[in-house]
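Given below, in the form of structure tokens, are the structures.
One chain, subunit A, links the two complexes that follow: it is found with subunit B in the first and with subunit C in the second.
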Partner chain A sequence: MPIAAIIQVLLALLLAPLLPGVINRVKAFFAGRCGPPLLQPYYDILKLLRKGAVYSRTTSWVFRAGPVLGLAAAMVSLTVLPLGGTPAALAFHGDLLLFAYLLGLMRFVTMTAALDTGSAFEGMGASREAWFAMLAEPALLLGLAAMAVHTGSLSLSGMLDGLALADIRGPGAPLLLLVAVAFTIVLLTENARIPVDDPNTHLELTMIHEVMVLDHGGVDFGFIQYAACLKLWALAALLTGVLLPPPGGWPPANMALGVALILAVAVMVGVIESVMARLKLVRVPQLLVAASVLSALALALVLR
Partner chain B sequence: MMLFLTALAVMTAGGAACLLIGRRPAASWVGASTCVLASAAVLAAAAGAMISGRADELLLPWPIPFGSFHVGVDGLSAFFALVIALVCPAAAIYGVSYLKPYQEKKSLGRTWFFFNLLIVSMLLVVAARDAVLFLIAWEVMALTSFFLVMFDGEQAETVAAGWTYLIATHLGTAFLLAMFVLLSGDGPSMDFSRLRAASPAAAGACFLLALAGFGTKAGFVPLHVWLPQAHPAAPSHVSAVMSGVMIKTGIYGLLRVLTLLGAPEGWWGWTLVGVGAVSGILGVLLALAQHDLKRLLAYHSVENIGIITLGIGLGLIGASSGDAALAVLGMLGAILHVLNHAVFKALLFLGAGAILHATGSRNIEQLGGLIRRMGTTGATFLIGSAAISGLPPLNGFVSEFLIYAGAFGALAGKPGTGAAALPALIVILALAMIGGLAAACFAKAFGMAFLGEPRSGAADCAHEAPAGMCLPMIVLSALCVGIGLLGALAVAAAVPAAAVLLPAADVLDLARPARLWLGYISAGALLLLVLAAALAALRRRLLSGREVGRTVTWDCGYAAPTARMQYTASSFASPLLGSFRLILRPDLQVQAPQAMFPAAASLHTRVEDTFERHVFKPAFRLVRKLALRLHWLQAGPNQLYVLYVAIAVMALLVWKLR
Partner chain C sequence: MPTALDILAVLLILANLRLLGSSRLAACIRAVALQAVILGAAALLVNLSDLDVRVVIIAVASTGLKAGALPWLLRRAIRESGAVNEIEPFIGFTASLLVGVGLLGLCFLIGSPLSAHVAAESGLLITVSLFTTATGLLVIVSRRKAVTQVLGYLAMENGIYAFGMAFAIQEPLLVEMGVLLDVFVAVFVMGITIYNISREFDHIDTDRLSALRD
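Take a look at the complex of A and B:
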């Protein structure tokens, strides 16, 4: 069991950079382009790790600590997530809170590192990040609460045991659907994807996540890119690993299925990014409040 | 018990000695050293009471009507005494250096007298087992802290804050007086062991009176209005004690009275959950709107008191509905948050004091770049900021986790049927919102004060605080990390207190699973630190020997940015506050850029306390108006007053001889 738990963390560490690659290929497909190689994110990160660094004279150690702490928090968050029915290494009553607050820690260090540069753009990015995160937090926690009530477990790994395959077609279906939509919105927000943020935008004024890391370069930026991949993996694992019960059977097959589902989430993100435009900034809170309402609705359904 | 009382005597004697020493510099040393010494003794006494598990009591005769000198230290008292004795010596040591610049201008002996007496009175409040003794200690606490707030009495703002505080605290005491009278019935003594509610209705009335009376001290919304005025006005080490520790005596009083009222009713818990959610969310929202660092911290105290109240509310709901697990988790979380908030709030106030000391400003719009000038203050303030935002691996997360776990457990335990489902939902929603907003607020406070470029000359010339001020901050931040890493151990200290509150439950047994979960959290926190250290080492290794350059911040190619071009605290908070403008109603003064070549433009935002503006100011205006109507009674001639006395005596005679 512990070996399986360790293997799934290693799988995440190894395969996470594949997700942006998949997203970019899907977007390229929709645009009729060839697109970058599937492994491009790996090349990018490795290249960044081989570079030197340039720091702003305004920055202090807070700026340098940001990427290190952010990556560490992202790595720890992987240890509480189940994959394909395999319980996580740190599976305990309330691990979902540790997960939510580790994401909070990651955000906090990114924001402080951004403010350390003294740039108006990065301050603006940090402000928007704080704003959206404040609105996304209730959606995530209420959704998790709905799942906790439905499965009778307060552990992300334990939730899977409380779910049966029959649930997807049976009485649990509306609940799972509502939570899945809410979590998808949280995933898109937390990972700065369309319709909340556009990772490809070229204008500092319109960026949210990207503008906060403008001044980072070299090894630090490599850490940030890798941490972003891990965060995408973590939220995709939350979406698929907690809401979709595994069919049961041979564990390695289950794990492979879990990975395939996470890659499918990447494809879904790519499709969303291809078929819709980014929302106006003032509309984003409405989307996030809607996610909270969906989670609350799910909770009302299950508490009924 | 003797150790405890000896410590109180030492501290009082130290305070009195300070009064005699007066203006000479030795006053600081005498005051602080007796405080530290006595606190160590109190710590030992409290730890002894926790470990032995016995309630230690002492009853001495006392020539005061209805009163007796009855003191005791049980699990609950010991925990609060521990909180007081941990934070106050840190503030005292800090105070020695902090007050040095005032040496020529003011009599520091008097300040130290009030400071030591404040600590003595707080310890007596948590140890009193007699209502008269309790109220006397309570009053001494209110008065000493009032005099400490008035330290800068030359400034009109301070005087106004002091009066607001004095009026608020006495209105609160009036409720307490009524409550104790109601509880004591018509018996000859007001000993706690004799106090009990005559009927369920009386118990409910006592609960409401306690909520109003103790809530004024603790800072429940809407009774909090004195807090953001008085705490910034006091010297910073006093703010740390008041905000970190003194307001917790309100929580203690509420908890102690709950033990006297017998089995709780369901609506008490509901009320507390409602009060806690409103205090928590409004507290953090109003904090986000502040630019005055100490005022911001004071509003965060309102928020954290809200979190503590959410925990107590859950605990009461659990106790009244027979859900022992919920009761224990809620109470443990609330009690532990008392300690945690005391530690990080004291740390943050001391940090704010160091900034004030170095720059002379509390306005974060005037600060910036301090972390490169004040390294220790910056690092410890960052730890405090992360802790108060409830982020792992620090202590704030541990206590919030317990409250969260209780709420989630109540939801998941028995779907659909649990009486606790709706309050648990409110708790989760409130904590989630508070968490996000608090992180935003402290990213703002820390980011604007310590990061970027200095926004004023004073911030540019800032210097690190002396070692005497840095040391307490380092110790308190180490406590933040320590409790965060060893949450299970900290819970063990809270167990005896919860056992006093929940006599029916086997708290030790029910706390066991919580300690297991906290063990997992410690493992996660440790893993986080190890990974961070490993990654930092990797980064250093990768960068060694490579070219590491320095340049200006990227500003879209603009190479000469000035400090004024940075993002400001107002703009940072603006979108978040905009989402809540219906509640906060910010005042905007906009001078928009005009014409083709605009010469000047300005924007001022100010958020006034909604309750202060719309509830208390009109209410006191009404009181004033009514009072003026009675003005004719006090017209001036002495003969008239003699007549009043005569009429009063006559009336009494008639009443007695009737």
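Take a look at the complex of A and C:
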């Protein structure tokens, strides 16, 4: 296993909490506020890790396993993602399916933990999560399938080799554009950002992700927050690492460029959240179907 | 310029999907106007090697008519009738999108054998022109408001225009101008009809006209 692949996983583990910090600073800039410190997510997670956890008597081991398994799934998903032209640590034939299902596993344990509390409110959140995730999954998988056919590789790292710089200007341009828009919508959905879910609202009737983790506290909640940061990093890495061909240069410079691109995705999410309102809950499925349609269109373009 | 033409074709597909998925009449009008602009640009691109005055005049005239005059007429009709949204279409918006993807797949099936007979760079254009025509038909049969049905008719016309462009059919100037005039008169008459329907019945839902008695 090359040392660069290990470094990029460590970079992801270290820098992931920076992304919500960047998003919050961008939103604060648009609102004319100072905003929280860039490192605020680190402080939050460290504070939570020092606390003890309280468990309701109605919960079982499922509730305790949720945050741990979710964090583990998020960490493993980082090992199949390439960054800045460096192949992933665990690149193998078909790892794109592993990536999609690790995201699925993470969602599943969060939902079962929410259902385990027996709270109707959390059950409602879990139901919405399942409904939206079910619609977002075709967009992700069809987009990955289009990329796989286009590059002739079933591995996320292999897709990088199949892409050339000329592709952006050449015949691959419409395809890459469609998949990029679809993946952006998937990223916003999976990470519970505006226009699908508003991360700032607590105890509102339309929220999705926050409602599922209401009963977690202390270390468990720290794990959940850290896992959410890693998930954001993973999908941003998917967007920038797989769709943009490697620049081909000095490896550390490539790696720095990859990290900069991921931070740029965080800035983009911040801008989207600042200029858009959350969609009505009944309109969200329409957005997700549109994302799937874009991916299907991309697939049709490569198969033609 | 095969890539630019491909991008225009993809944009045309997206405009079609926007037409299918949007409930706001103003957004639908913008989608159809965008189609006309895309087709104007594509007409210039296809004939880039032998650009003559005739091609430019037709492209500019049809774009100006379909992206400027007709949307203006339809916006006026909307304003007069006070309809903002397409309410409860026969096929819902999400379902329309899914049907649209099905139609797109079908058009790829039908379009690929046809594409073999034309120059490679406009291969995608045939599929897209078929899809645009199909979208127009779908909108006509699945919507209640008269304005949306007129938009479906315009989308169909756009599809036919794209089809002719893909095959590089060199119709005489007179025929092309005649078709344009037909469309203009048709939409003009429809605009007046919409206005009159809405003045008589306070709405422009055409399905309720079938229950009229004298």
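In this section, the second predicted complex is superposed on the first by the 302 of 304 C-alpha atoms of A that agree within 3 Å, B and C clash if a C-alpha of one lies under 4 Å from a C-alpha of the other, contacts with A are read in each partner's own complex, and residues count from 1 in each chain.
One rule holds for everything that comes next: a contact is a pair of C-beta atoms (placed from the backbone, for glycine too) under 8 Å apart; a residue touches a chain by one contact, two chains touch by 3 or more.
Computed from a predicted model, the values in this text were never measured in an experiment.
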| item | value |
| --- | --- |
| Superposition on subunit A - do subunit B and subunit C clash or fit | fit |
| Partner chain in contact with A:Ala126 - subunit B first, subunit C second, else both or neither | first |
| Contacts of A:Met268 with subunit B and subunit C, given as first, second, both or neither | neither |
| Touching partner for A:Ala28 - first (subunit B), second (subunit C), both, neither | neither |
| Touched partner set for A:Ala253, first subunit B, second subunit C, both or neither | neither |
| Which of subunit B and subunit C A:Ala173 touches, first, second, both or neither | second |
| Partner chain(s) touched by A:Arg304 [first = subunit B, second = subunit C, both, neither] | both |
| Touching partner for A:Leu15 - first (subunit B), second (subunit C), both, neither | neither |
| First (subunit B), second (subunit C), both or neither touched by A:Ala290 | second |
| Minimum C-alpha separation between subunit B and subunit C after superposing on chain A, in Å | 9 |
| Footprint overlap on subunit A, where subunit B in one structure and subunit C in the other make contact | 285, 303-304 |
| Residue ranges of subunit C in contact with subunit A within the complex | 2-3, 6-7, 9-10, 13-14, 17, 21, 93-94, 97-98, 100-101, 104-105, 108, 112, 124, 127 |
| Of subunit B, residues touching subunit A in the complex | 368-369, 371-372, 378, 382, 386, 389-392, 397, 401, 404-405, 408-409, 411-413, 415-416, 421, 425, 428-429, 431-433, 435-437, 439-440, 442-444, 446-448, 450-453, 513, 516-517, 520-521, 523-524, 527-529, 531-532, 535-536, 539, 542-543, 546-556, 561, 563, 565-567, 571-576, 579 |
| Of subunit A, residues touching subunit C in the complex | 169-171, 173-174, 177-178, 285-286, 289-290, 293-294, 296-297, 300-301, 303-304 |
| Of all residues in subunit A, those that touch subunit B in their complex | 49, 51-62, 64-65, 67-69, 71-73, 75-76, 79-80, 90, 92-98, 101-102, 104-105, 107-108, 111-112, 115-124, 126-128, 130-131, 133-138, 140-142, 145, 148-154, 204, 214-215, 218-220, 223, 285, 299, 302-304 |
